[in-house]
Every structure is written in structure tokens, then in C-alpha cells.
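Here's a structure for you.
Each chain carries a letter (A, B, C, D, E and F) given by its place in the written order, and its residues are counted from 1.
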Amino acid sequence: MSAGPGRPFPADLVDFEKGVASRRLFVDRDIYDRELENIFARCWLFVGHESQVPNPGDFVLSRMGEESVILNRDLGGKLHVFLNTCRHRGMRVCRYDFGNTREFLCPYHGWLYGADGTLQGVPQFREGYHSELDRSAWGLIEVAKLETYNQTVWATWSADAPSLTEYFGEARFYLDNFLAPPDGGNGRLEVIGGIQKWITPCNWKFGAENFIGDYYHGISHESADRLAMSPSGKKGRHTHDVVKARTVKVNLSYPEHGHGVRSTVVVGDFPYTSLYPENPAVDAYFRDAHEKRRQRLGEQSRIYGGGGTLFPNMSFSNGRTSIAVWHPHGPEQTEVWRYYLVPEDAPQEVKDVLRHYVIRYQGPSGLTEQDDLENWNMAAAASRGTIARRHPYNYQMGLGHEATTGRYEWLARGALVTEGISEQNQRGFLKRWVALMQD
Amino acid sequence: MDTSTDIERLLLVRRVEEFLYREARLLDERRFEEWLKLLADDLRYWMPMTRNVRFDEAERAETRERQDVNWFDEGKETLLLRVQQIRTGVHWAEEPFSRTCHCVTNVLLDAVTPETVSVNSRFLIYRNRGDTEVDLFAGKREDVLLRAAEGFLLRRRKIVLDQNVLLAKNLTIFF
Amino acid sequence: MSAGPGRPFPADLVDFEKGVASRRLFVDRDIYDRELENIFARCWLFVGHESQVPNPGDFVLSRMGEESVILNRDLGGKLHVFLNTCRHRGMRVCRYDFGNTREFLCPYHGWLYGADGTLQGVPQFREGYHSELDRSAWGLIEVAKLETYNQTVWATWSADAPSLTEYFGEARFYLDNFLAPPDGGNGRLEVIGGIQKWITPCNWKFGAENFIGDYYHGISHESADRLAMSPSGKKGRHTHDVVKARTVKVNLSYPEHGHGVRSTVVVGDFPYTSLYPENPAVDAYFRDAHEKRRQRLGEQSRIYGGGGTLFPNMSFSNGRTSIAVWHPHGPEQTEVWRYYLVPEDAPQEVKDVLRHYVIRYQGPSGLTEQDDLENWNMAAAASRGTIARRHPYNYQMGLGHEATTGRYEWLARGALVTEGISEQNQRGFLKRWVALMQD
Amino acid sequence: MSAGPGRPFPADLVDFEKGVASRRLFVDRDIYDRELENIFARCWLFVGHESQVPNPGDFVLSRMGEESVILNRDLGGKLHVFLNTCRHRGMRVCRYDFGNTREFLCPYHGWLYGADGTLQGVPQFREGYHSELDRSAWGLIEVAKLETYNQTVWATWSADAPSLTEYFGEARFYLDNFLAPPDGGNGRLEVIGGIQKWITPCNWKFGAENFIGDYYHGISHESADRLAMSPSGKKGRHTHDVVKARTVKVNLSYPEHGHGVRSTVVVGDFPYTSLYPENPAVDAYFRDAHEKRRQRLGEQSRIYGGGGTLFPNMSFSNGRTSIAVWHPHGPEQTEVWRYYLVPEDAPQEVKDVLRHYVIRYQGPSGLTEQDDLENWNMAAAASRGTIARRHPYNYQMGLGHEATTGRYEWLARGALVTEGISEQNQRGFLKRWVALMQD
Amino acid sequence: MDTSTDIERLLLVRRVEEFLYREARLLDERRFEEWLKLLADDLRYWMPMTRNVRFDEAERAETRERQDVNWFDEGKETLLLRVQQIRTGVHWAEEPFSRTCHCVTNVLLDAVTPETVSVNSRFLIYRNRGDTEVDLFAGKREDVLLRAAEGFLLRRRKIVLDQNVLLAKNLTIFF
Amino acid sequence: MDTSTDIERLLLVRRVEEFLYREARLLDERRFEEWLKLLADDLRYWMPMTRNVRFDEAERAETRERQDVNWFDEGKETLLLRVQQIRTGVHWAEEPFSRTCHCVTNVLLDAVTPETVSVNSRFLIYRNRGDTEVDLFAGKREDVLLRAAEGFLLRRRKIVLDQNVLLAKNLTIFF
């Protein structure tokens, strides 16, 4: 029963009433091919951060779906995202990971594109083309829409896509939270040099679902939890360091959009907890930020840590400020790109501390993500088989227990909300996934 | 002939080779605690990421130590954590554990001082795990060995892994 | 013309009248996918030997079709075969090749299964699942049926499968013969530690067909035959050492079941032939066994050596007592698992001699199987092409010369039988194959 | 929308009016599979050169489509091309790259084929086959037709194929030119020992199209052009060394056949240009050849250099006398075989000079082809994606400016012709491609 | 300084290296009969299989010599058979023959006695065959060399191949 | 003991190793102009192709120097062109440039004369380029080093690459 592009979509892949989903979602080539068309060629996708291309002519490679794209700033300073391919015979026009350039020269036959994507020169234009080639129609393939949001850059191949803020919906509140510096002010984040890129053998949705709200995979990180690796140097991960106040975990799902967020909310009093007692400068920075944030955000400053996935494949972790993009790379392979961010105007010492912690925490060399990657890989592999595919995955945790109002009015606006532990967000993700795939 | 300094040099080269080979063996035999003892307390262990750049911008290819994101950029304390993690028995990425084969080649001495010896070498590390997982890691190491009473100690290691997109799902082994 | 699962099966792939079969059987992805469903998800498959898991809690990994399964003994001593995948999100629950365990803990989210496959613990059962998860419905996926036969363990995913002895049919007589110790008594065989596992680039049916009765591939082993490698140290393989009496080769096919057996039958007198003159203890063992066997089995002790394939993918070689399982691993790849067995109560010297001979004889380091593997590989590769696929394989040897009664009544019960050299057994194998594939 | 064998062929893949062609032609598995059937199993294919098998019994491996074939001379001296597979179970019967043999013995079961392909011996013919096997029907699979043309050897699987000269059509004029020695006489070329074989990651049509008339990819070789690598040791490639006379580039397309040729024609006076001033013997050879050629060919000696592609996958470069065969190896992979030829009766010094130049010029170690291979690879890879596939390649250069008569009557007989730079030949190639694929 | 024992050691290390490198070269150049001459008559040649086990059960990973099934577990007489088989010209798995490249690295001396030298090393063996067949074998060797009149003889070789499921169709080469 | 010739030999071996390792390093660090200085003016640089032949026809496997088509069959002047080409910045096959790791192992001396030293070795070269391109080249080298005033110069290099069909799209690196 094929589910490839252009064929009717099997109705029984996900059963929201029973809370189960077919393993085929994670291993099937036809479904994957359909995702490339119905999801990655339509949705808004995260492509980068303005701090990567501060100056006119700056460019950096990124990806959309399986394809290489160029994120750059033209000579007038305008941002663009182009498919990295020549219109003539398809050659990859940009082969460097980053740099600054006024133009993209195709090395195959020499078509020359400006930084704004226009086709500026074609060898033999007069002699060979008799000046008949319509150069205006053969510029670089540009995304249908590009928008930035607080320095993050997003693009879509769909001219019918809603505006980016519409696309975010109310989940935007949590993106704002993520993109704000520790003091809750208007400062910016910046990407630290170097994007971690690696290939991991599992379907892209493992990462997307995991970050959307898998608060219940503690056993995955049992080994990290036994170490003294947290910023404070105490037992376990940073999650062990957090506020002594009573907190509650909150899951927020936006099934219309597919986004999902997990967050920790402080219930009672909310004093600063020193994570860096041995490093006074850093400690002072965070203490100060903590105070300012409380003052600025008031009750809303109760949100603490967390993260989520913006549909389909951009996951963010706050606290440890990083973004993971789960680029599809075949039904059983993902190319992960992980960006690390720090507050632009924090002192160098603070940046160092953040950088050092997060790179030993996440990524393929990180003490926690290593075990996630292993679990996703082996789960994917063990789901491929003839018999395995007959048995769906179980998404029943908290099924039917979703609420529509949270502890605070501002907390769960527009969302389904479950306090504590639930698979609500994964179900919400799949809701949107099915809606798009059925199209 | 006057070969005594030449011989001194030969002996030093061999001592360095033996250090590196014994170190590799400790890693392959999973004697990680003994390996940790070969590390100086102030060790810097750094593996940059490498990017694709123009022929004349090679110096921009590598991410910078202590500034950029790197694959590794740490000291002995973090390596200790890594060893401890493996020894928990619940570090799933290493359960079952990787079979590693550290081949060290092209050992060359750079600066030799009374306190330290700088060493340049190549490595090929073959990793096999589970049923059929295979990774091949190749690259260069630039080490600084400290001459201590108990023999050499590794004080600094820069590892240049010859990959742009990392072609392994994780980096749970030592380089 | 696709032949994948769920589509009508091409009628012309095998022509039993002409004695030809399409090369597509050995290279085509669609046919292969259909095999996984129609054959490997339905037939009884060999999964191991009781001597591998003698004690409660013992487990060993095995395979069924392309999938990893766990063969284990629960704490009450009962044997089980489970698909090696968690019911929650599919994680491989057992990642060690063998061992002893009371339980299988999933390292992704911590679902805990007992050695009997029951789901015993689920983190967040109360908080997350509101105690609503029906744990009794989400245990490990167990095979539909499991049976043992003289210590060998078999399983099937089909609840409609006949009993194991029905499945064997009259071929059982030869399995009995294989599983009996040299003295023909009730002693057991045991698996020597370590299963040879390797991946070889050819379709799984090459091995299955070869062992079912390829008595005519002597040229494959021409190089081994020129060596002095036999147990006696004389020229050639063990086949050169055998009884001086007049013997006749017999092929037995059970097309209803797909099984096939090849055997050597002694026609005249049948004295003991000393293979180990230089090793008195071993020699004495076999001399004694020879006598006992004759007394016990009488006329039926005339069967000597041989082997066969029990449909679909379990091949056994007696004399050199080993079992090969041809696990499908893609249309052009097979993962072979080879088990070596010795009589449990033989003296250590005898076990040593048997072990030493068989591992230099079979397997990827064995002096004979190396050349088989090469031939299968290159035959498969040269059958893949556009033109090659238009020309069927030839299965005509002995076509129309099958008899239904053998030299002795007990020898060919229920079988087609051909003395000497024939492709009868391969045709019988394909008969069953077509019947199942047409379903 | 699948385009595999046996399905209707999408009409919109190539639009000759607009001069565009879908990227799917270069990345799509279904289209590729159809090519194997509709093109490689039907067209005349280049398989080698008689100088490779001068004596009875000589053989050399070659390829047709994805398959290994044997080009050999039987004991009577007759040429044959056989599929390299046994009729019994498909084993590759010839596993050496070249040699001399009276027979091909299959190492699996010992079927023995003569050098003329007849099945001469079958083990167990009497005992196993009861002498019933029709050996005359089970010889090696031979091509439907084999023809030679001035020492080059061609074969086809199609019994309906026209004669080879019909197949060449008027493009034969340029093949004659290519196969003639420098003096334009009747001397022969010979293949220098060793065929370069390598695998490169792009569709086979990249090479075929490039050599058919890509006169406009100078930027690809910008780096070579900056070197002093030409035979004369002056700046650039041999193309910089050529005659000082006024020349004009000519493109000739034979859309009925798919062939295309590019050539340089001298317009005015045509004196010898010394390329080897420092090597008097070589210089003398070429000076002499130049004069003889002028005398022999008269006006037609104006053709100078060039090359082309004979549909589908044989490309020749004259001047630097080599043949490339673009063997399909999957939709995104090609196995290139490159033959180097020299005039058989040239002095050794001349052969050395030619050999030395051409192997540093072409092939994977050649200073120019390295950059071609890179461009084809990256162009193919950047054409695979979901969005990329929506944007066709541009073939508009010179569209509508093709003439049917050339500067000289003999030059463009039966051809479309464009002087200077054009994509006419690539369009002609695709014309034939579409015609065959639609069948 | 008193380096004479150090120098003795150096010379011994190099003699061992030369033995191993020459041996590798004989194998790569298919001079198998000369290779056999480097083997002591009582040679044990053993390659266990390796299994996936828990972090703390590494000693159970390998199959046991002379007890379990192993990839190789034999003496010189069987190696002789293997060589003879290759020389028949009808050993199809080696027709056409494999191109091998035996890289030996990390040579370390273990026990040195008047009769023997124990050696630990790493190997990477690249095999290429036919058109496009490639295998990469990586692992460790533990050798015991016998000091004989004619030079070293190989008395014992344990080969640990770092694979669980063997990723090659056969093992027709020597390690 | 009389080890002085042995020691001479040891020193020579190390000098040869250092030459080869330094050469490899220059290549890996893309210091091609310095590398060219290590080449004698009359250098022969030859990489034959290898064909599949019968067990007893090994000598026909390789294409012949200066007669047949080879992968490389050239002198210093062509290597100079190759370096110049890389330095143009428009040699697309090396834009972005390859990351190479030249591992040289099994260094053995053959003929030693007052003028030259002949050396046999093995190599494994790992190449990584672009995002995910990987090639592994393995084989043997037979070098002749010229003893010059400034140290060794490479006078002759035969490279046997253990591949039949070349498994890389190009050979833009040095061996």
C-alpha cells in the first residue's frame, strides 16, 4: 500500500482515538518522499540567524529539506535564500560553507549570478544565444517567502504560506521567550562560530518529537545524571541545578500548527539560585539578569527552561540556548545541524561558560545527546521489519487529559495544555503532520 | 662519527612512539582509568570542526579553540566525566561498547624543550559496534607531552578530524 | 511488471514443465519484499538450539527474516521468542548477543518487560498515563507459535501454521538422523560456543538451494579436493574418506513442504572405516558408535552423511554437523548464521577433532565454503542486468526422472526420489516457493 | 508520476520548443531503468577495438549497459560478444580482465563453453541429464549483432537494429576522420595497453552531452588554461597550440540518430604549425603527416580536431585520440572507460608524446577532465532535490538558428549545423533520446 | 649516559618491526611460500569471534581458543593448506586474486625473554578484488616471536578482528 | 657488542621515515611548494593501473611504465603543473580543497647505496571533501631517495594503488 506523492494517503496510519501511529511513518520510503513534497516544500523552515551574515555580501550555506540553499545578504543588505543550483545545467553555484561574495559564478559554463540572485552574465550571450536568452527569467531559484523573526531567518517554498507570525501562532510566545536574553530584555542572541553538522541514522521525526515534549525519557540520560556535570558542578545535568522553588512542568500543544512546547513554571517564590558560585563575574551576570527579568516580565518570568519544536523540524532548547534542525536525509537518516547561541552583549566569561557547558551537553560529542542519538537510531532500525511494521507506536500517555486552559491565562493561550508528563505534544505534532500529508 | 645526539634523538622518538602506542592500546583495551593517568592535570583536549573554504583561506577552515563551537574543547575534568559515564553501564551509546582500533602513524617530533616534547602524527581509528556499525575516523594530532617524573604526560592535544559533516552518529570514543 | 506484496504474482516466473526459473527470483526487490511477507512471516523458522539457553533467564539473539529476535528462557524455564523491539517507540530492547537477565529494560523511556515478555513497569504510569494504559496489551511481540524438536527451537509468526512435525512432514526422518549422535542413540547434540555470522552478497536462496541437493558442484571445490585436508589426512575433503563400501547418492524432495534432502546410502556390506588412525581415542569413539548405530538402526543405518534444507532457509550438513541459516538481508544480500554442533557426551578429544575440521571446512574461513560464497556472489551479480534477466536459470537436470519409491521402503517415504545426481530437490523447493508466493 | 519501463512515458520531460529539459532525466530511477531497456538494450554500443584481441582465443572484458560482456576472438578468429554469465545459474564465466583462452569454464558447476560460445560440456550430461539437455540451446548469450568498423567493434542486443553504417548515418564521416591516422591515410589506430576505468557520481548523459558539443564550458578549464601544459609547452592546453590560420568551430547534429559532432574548420590558408619544435623526430612525423593529409583529402583536410558523441554513450576526441564510454551505473553514477589510441605505425617517439600528453590531459588524473568530473558530479547532486526537480535545465543556446547547409557541401551532409557556439547538438541528442524512450 | 641497554632495546624493536613489515610485504606480494618459512612449526594462529556484551563483561566478548568456534584456530599445517589451495589456480574465491595492503602500526614489545619476544600491534588491511570489491579489516595482533638461528619465527598469533558480524564474504587472506 | 653499523642503519631508517613523514605532512598541510623542493629534478612518478589476471600471471596485472596507459606516468614538471593548477583557485575539483590524511606505514629499506636509498612502504590515504565525500586509497610505494647535500630528494616513486576500477571520481591529490 504505497503512500508516495500523488497517491491517496492511507487513512489508518495514525489513530488519534486509540493514540497509536504506524511505524511506517519512521521507515517508509513512500511516506518520506511525500513528506518532502507536502511538508518540506510547503512549511516555513528555519534557515539561519542574522548574526551569521551581518554584512552585505556575507553568505552561509543552509538546507531546506534535502537541498542545499544559500542564505546571504545582497550588496544592498537584503537577505535572500536561494537554491544552490545553477539554472543552466544545475551545477552547485556555491561550494564554500561561508564567506563574502559579490556574485556566484557557476564553474561549469560560467553563468554569473549577482548576490541578489539575478542572472548578470552569460558567456556567449550574443554569439551563442543571439541575445535571445531571457536573463530575467533565469536567475537563481529563490524561496517564495523569506521572513526574519528577532534575528532568526525563515523561508518557505510556498507562495501561499501564511505570514511567519501566523505560522507560529500562539507558540510565538515561547519563541520570544527563547530568543530573549537572560534579563528578558531586548538584547539579541548571536550564533557562536561553527555549526555542528552530523548525519545520524534515524528518521528526522525522532528528533522533532523528542524535543517537542519528551519529558519522560529520563532513563535515556541515566548515565549523565550520575555524573557531576552540571554548571554548578553538582550531581547530574543542569536540570538538577535549577531553582529550589516548587516548579511544575507544562506541555503546550498547538495542533493546528503542529508546534509544541515544554516548559517549567515556578509556582511559589522565585529567588535566584547561584549556579556559578565559584565564578563571581558569571554569577553576578545571572543574578542581575534574574532580577531584571522578574521586573520586566513580572508573573510571566515564572517560565523557566524548556524548549520545543516548531513544526516541522526546528527544535529549540532554552536555558542551554541551542537550536537543532532535523534535516531529512532519507527515511532512515537525518542530517542534524545544531546552532549554539549566546547573548550578544554578555561578558566574554559568560559566553565561555555557556559555550563550554552546552557543547559537552549536546551534539554528537555531548554527554546527553549521545544517548538520544543511540536510542533514535536503534528504535528506527528495529521498526523497519516486516513484523515490526505491523505494530504501531504507542502515543497514549495522557490521552484525553489535555486541558485548554493553563495555570495562568497567559501560559496556555491557544494551546492544549497538560501539566506534568504527557505525550500530548507528540499527538499534536502528528495531527498537523497528518493534515499536511493528506493534502 | 659523532652520533650520540642522533642516538639521543632516536631514543626520544621511540619513547614518544611508545607513549602514543601505549596510550592507544589502553584506549583499545578500555583501560580508561589508566589512560586518565597519562593526562596532565592542565590538559587541553581540542577537536575543531572543519569547514569548506577557498584554497587561499585554509586558516579559516577550522573553528577556534575556546571561542567557537568545536567537537571537543575541554580539559581533563570533562574527559574524566566521559570515562565515568562509560563505567556506569547505562551509557547506552556505549552499550554494547565500541570495538576501537587506534592506529597511530607518521610520528614526528616538533619542538623539543627540557620540559616538553611536541609531536605531530596521523591517526586512523576504526570503530565497529553492535552488529554492523562501522566508522572510520582519520586525521592529524598535534600533541604536547610533558616530561614528568613518571614519564610523559599529555598536556595538550589538538585533533583535526578530516570530516566536514561528521559521518558518525556520535563521538563516544577518545582520540 | 511488479511482484511486490499485495500485487498479483507473475505466473511465468517458474516454468516447471520446461524446468526453468526467472533470474528475477534472485535479484528483484519486489519479489524479495513479497518473500518477507509470504514466506518469512508465515513459515516455521529455525531460531536456535536449547543448549544455547540452558538456564532460566538465559537469552541469545537470533533472527527471523530480516528482524532481530530474542530467544530466551523465562524465570520459570519456558522458552520464548520475542521481536527485539519496544512496543512504545520501537527501541531495540536487547542489545547484547547473549547473557542472562530477569528483564528487558528499554533504554529510551524505560518500559520494563519481564523475561516472559509481559510489560511489568511503565514510568509515569500513574502521573502520565493516569493508570489507563492497558499494560496487558503492550507486552513484547511474541511469535505466534514456538516448538522445539530434539533441542532445536523453531518459531513462526503465523497462528495458522501447522504443528512443527506436520511442517517437517516425512523429511523429519532425515532431521532425526541429523540430530542423532554418531551412535544413533538418544544422546543430544550441543552447539559449540560462538555462532559464525557474516554478510555475503547474494540472495538467500543460493545457499538454501545449494544445500538442498547440489551434489553436482564438485568443480566449485576442485581446489579443496586437491589438498590433503580430510580428517584422515588423505587427499581431499572428508567426502574422500568415507566408507569403502559401494554407496549410492540419493536425493529426496518433498515438494508439498519445500524440503529436500540428499544422502548417501551404503548398498553392500558396511564396515567401519578408520578416519583417525593416528588418534586412538577418537578412533575408538567412532568405531564404537558405528557398531552401536548398526545395531540400533539396522538397515536404516545405511544412511550416511548428507544434509538438506528445511524450507525455507535452514540447511543442515551431517557428518560435519552444522546448521546454516540463510537470513534474508536484501534481494542481493544474505546474513549467514552458522552453528556447529557436537555430541554432548562425546569425549573432549572427539569434540576437538570435529570442531577443528568443521571450522576449517565451512564458514567464511573454511576451505570449501569460501568458493561457494564466491560462486553465489558472482552468479547473483551477473544475473541482475537487463539482458541477463531475460534468460532464465536452467533446472532441467533429471526432469521427468523422479521416482516415488526408493531403493528401500523407509528411505523415500512421502518423497520424490532420484538416485545419483539431479536437480529434483531444487525444483521441489521452487514448487513450494511458488505456492506460497502466489497466495 | 512514474516513468519506469512498461509505463507510458511522460510527454513533458523535454520541451523542444522552449528548449528546456526536466532535471529528472539526470536523477530519476524510473527514467534510468527505462533507459536500460529502451536505449542500452537496443542501440548499437561500442565494445572495443580489434587491436585488443589480435589473436584467436584473445579476450577482453567490456560492458554493455550495466552488464559485463566478453569481447573475444574464437579459435577460427571470429569476433564475438557474449554476456558474461553462465546459462545454468548465472555465474560470471570470465573473471579476468583480458587474456587468451580456448574455453570458458564455469566454476560453479562446470558447464564448459567454447570460445565461440557453444556449450561444449556439461558435467553429468548422461547420469544427471539423461543426455536430454539441449546443449545447442544453452550456449552463452550472444549479442544479436556484432559489426566492426575500421577496427572498432560494436554490438547490439536488438535483432531489428539497422546495419552499423546505417546507424552511424552521415556522422560516419566524422568517425572516419577520427579513426584515420594523422596523414589521413589507411593506417590503423591501436589501443595503448590499459583502459582507464573509474566510477564517477553523475548520470551517464553528462559525459555524453558534454562531449557532443559543449564548446562553451571554457570556464571549467580555466585552471588548465592558465598552465603551460600544451604539447608545445606554451600557455594552456593543446587547443592553444593549434593552427594560426583562421578557423571556425562547427557543430553538427544528426537528430534522427542522436549523434553529434563538433569540429574546427580552417577557413584560409593552412600551413603546418610546429607543436614539437624541441623534438625533431616528432615534429618531422607530424609535418610529413600534415602534408600527406592535405594532398590526400584536399579541401576536406580543413577539418581539424574536435570530437563528438555517437549515440548513446561513445564519445571520441580527435587530436588527442581517445574514446570514452559512459557506462550507466545507476541514475547518479557512471562507470567511465577511456581508451587511448595512437597510430599503429607511428614511431615510438610519437606514440610516447601522444600518450604522455593525453593521460595528463584526460581521465581522472588528467588536468582537464578532473574539473569536468567535478562539475558533472555537483550538477547532478544539486539536481536531485524536490525543488530542483521542478526547474528544468536550459538548452536554449542557438535554438532556432540551426542551418541545414554548412560552409562546404561535404561538411554538413545530412546534419543540422551551427557555426560557433550552440546547444544544437545536445538538443539533437535529446530528440533521439525522447524518440527511443517513448517507444 | 648509559644508553647501551636502551640501544639494545631500540635495535630489538626495529628488528621486530622489520620482521612484521617484511612479513606483511611477503603477503602483499603473494610470496606465500616464503611467508610460510617465517612460521614456527608449532605455530598457533587464532582469530576469535567477538560478541556484543555488557561494559563489564568484556572478557566474555571473545570466543575461546581451542574450545569455541573461531574464525581461525589452527596451526601451520592448515595455513600450508591454504597456501596450497591458492596455488591450485582453481580456488575461485581468489581467482582473480585479492589485492591486499597490510598496514602494521603501533608496534609494542611485551615480554622479552631469551627465547621469545611478545609483540602487540594494530593492523589495517585493505582488500580490493575483482572490479569493485572492497573490504577493510582492522584490529589487533598479539604475536610471540621465537628467536631462531635464521631470525625470528612466528610462534603464536592472536588476531582480534574488530567486527561482530563479519562484513566480508570470506576470509581468504592472511592476517 | 659491535652495534655501530646496526646503529648507523637505525639512524638511516629514521631519517628515511622522517623524510616520508615530513613529506606526508607537507602534503596534508597543503605546503605544495615546499613539497616540490623535496623532488629531484629527474623524478619519475608512476602509478600503474592494476588488472584482474590469473593467479600465476601477477606480473601482467600492472600496466607498464612509459609504455601503457597509467594513472600517473610523469616527471617533476607535470607535478609542478598540478601544484600550479591548485594554486589558481579555479581548479574546481579542488574548490573547496580536499582534506587529506596520508598515513605511511611499514617503512622498509631495500637497496642502500652511497647515492641512494630504496624504500618500500604502505600507505593509507583518507580523503574527505565537500560535505560528505570520502575516498580511501590504499597501496604500496616503492621509492628511491637520492642523498643530496640538503637531505634526501625523491628520485623515483612507484605507487601501486590497490584498486582495479578506480573508486574515486578523480585523482587530484598527491600520493
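The working rule: a contact is a pair of C-beta atoms (placed from the backbone, for glycine too) under 8 Å apart; a residue touches a chain by one contact, two chains touch by 3 or more.
Keep in mind that this is a model prediction, so the values were computed, not measured.
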| item | value |
| --- | --- |
| Joint neighbours of chain F and chain D, given as chain labels | A, E |
| Graph distance between chain A and chain E, where chains that touch are linked | 2 |
| Cα-superposition angle relating the copies chain E and chain B, to nearest 5° | 120 |
| Rounded Å distance, chain C centre to chain E centre (Cα mean) | 32 |
| Averaged-CA centre spacing for the pair chain F and chain B, given as whole angstrom | 26 |
| Averaged-CA centre spacing for the pair chain C and chain B, given as whole angstrom | 46 |
| Distance from chain F to chain C - Cα centre to Cα centre, in angstrom | 49 |
| Residues of chain D engaged with two or more neighbouring chains | 95-97, 107, 197, 199, 219-220, 371, 374-375 |
| Contacts with two or more other chains, residues of chain E listed in rising order | 7, 10, 52-54, 90-92, 95-96, 103, 105, 124, 130-132, 136, 164-165, 167 |
| Every chain pair meeting the contact rule | A-B, A-C, A-D, A-F, B-C, B-E, B-F, C-D, C-E, D-E, D-F, E-F |
| Of chain C, residues touching chain A in the complex | 6, 36-37, 40-41, 64-68, 83-92, 95, 105-110, 123-124, 127-130, 132-133, 138, 141, 157 |
| Contacting residues of chain D [partner chain E, same complex] | 95-97, 107, 197, 199 |
| Residues of chain C touching chain D in the complex | 1, 23, 26, 214, 216-220, 371, 374-375, 378-388, 391, 393-394, 396-399, 401, 420-423 |
| Complex contacts: residues of chain A adjacent to chain B | 95-99, 192-201, 219-220, 222-224, 226-229, 335, 340, 352, 355-356, 359-360, 363-365, 367, 369-371, 373-375, 377 |
| Complex contact set, residues of chain E against chain B | 1, 3, 6-7, 10, 13, 50, 52-56, 58, 103, 105-108, 120, 122, 124, 136, 138-140, 162-165, 167 |
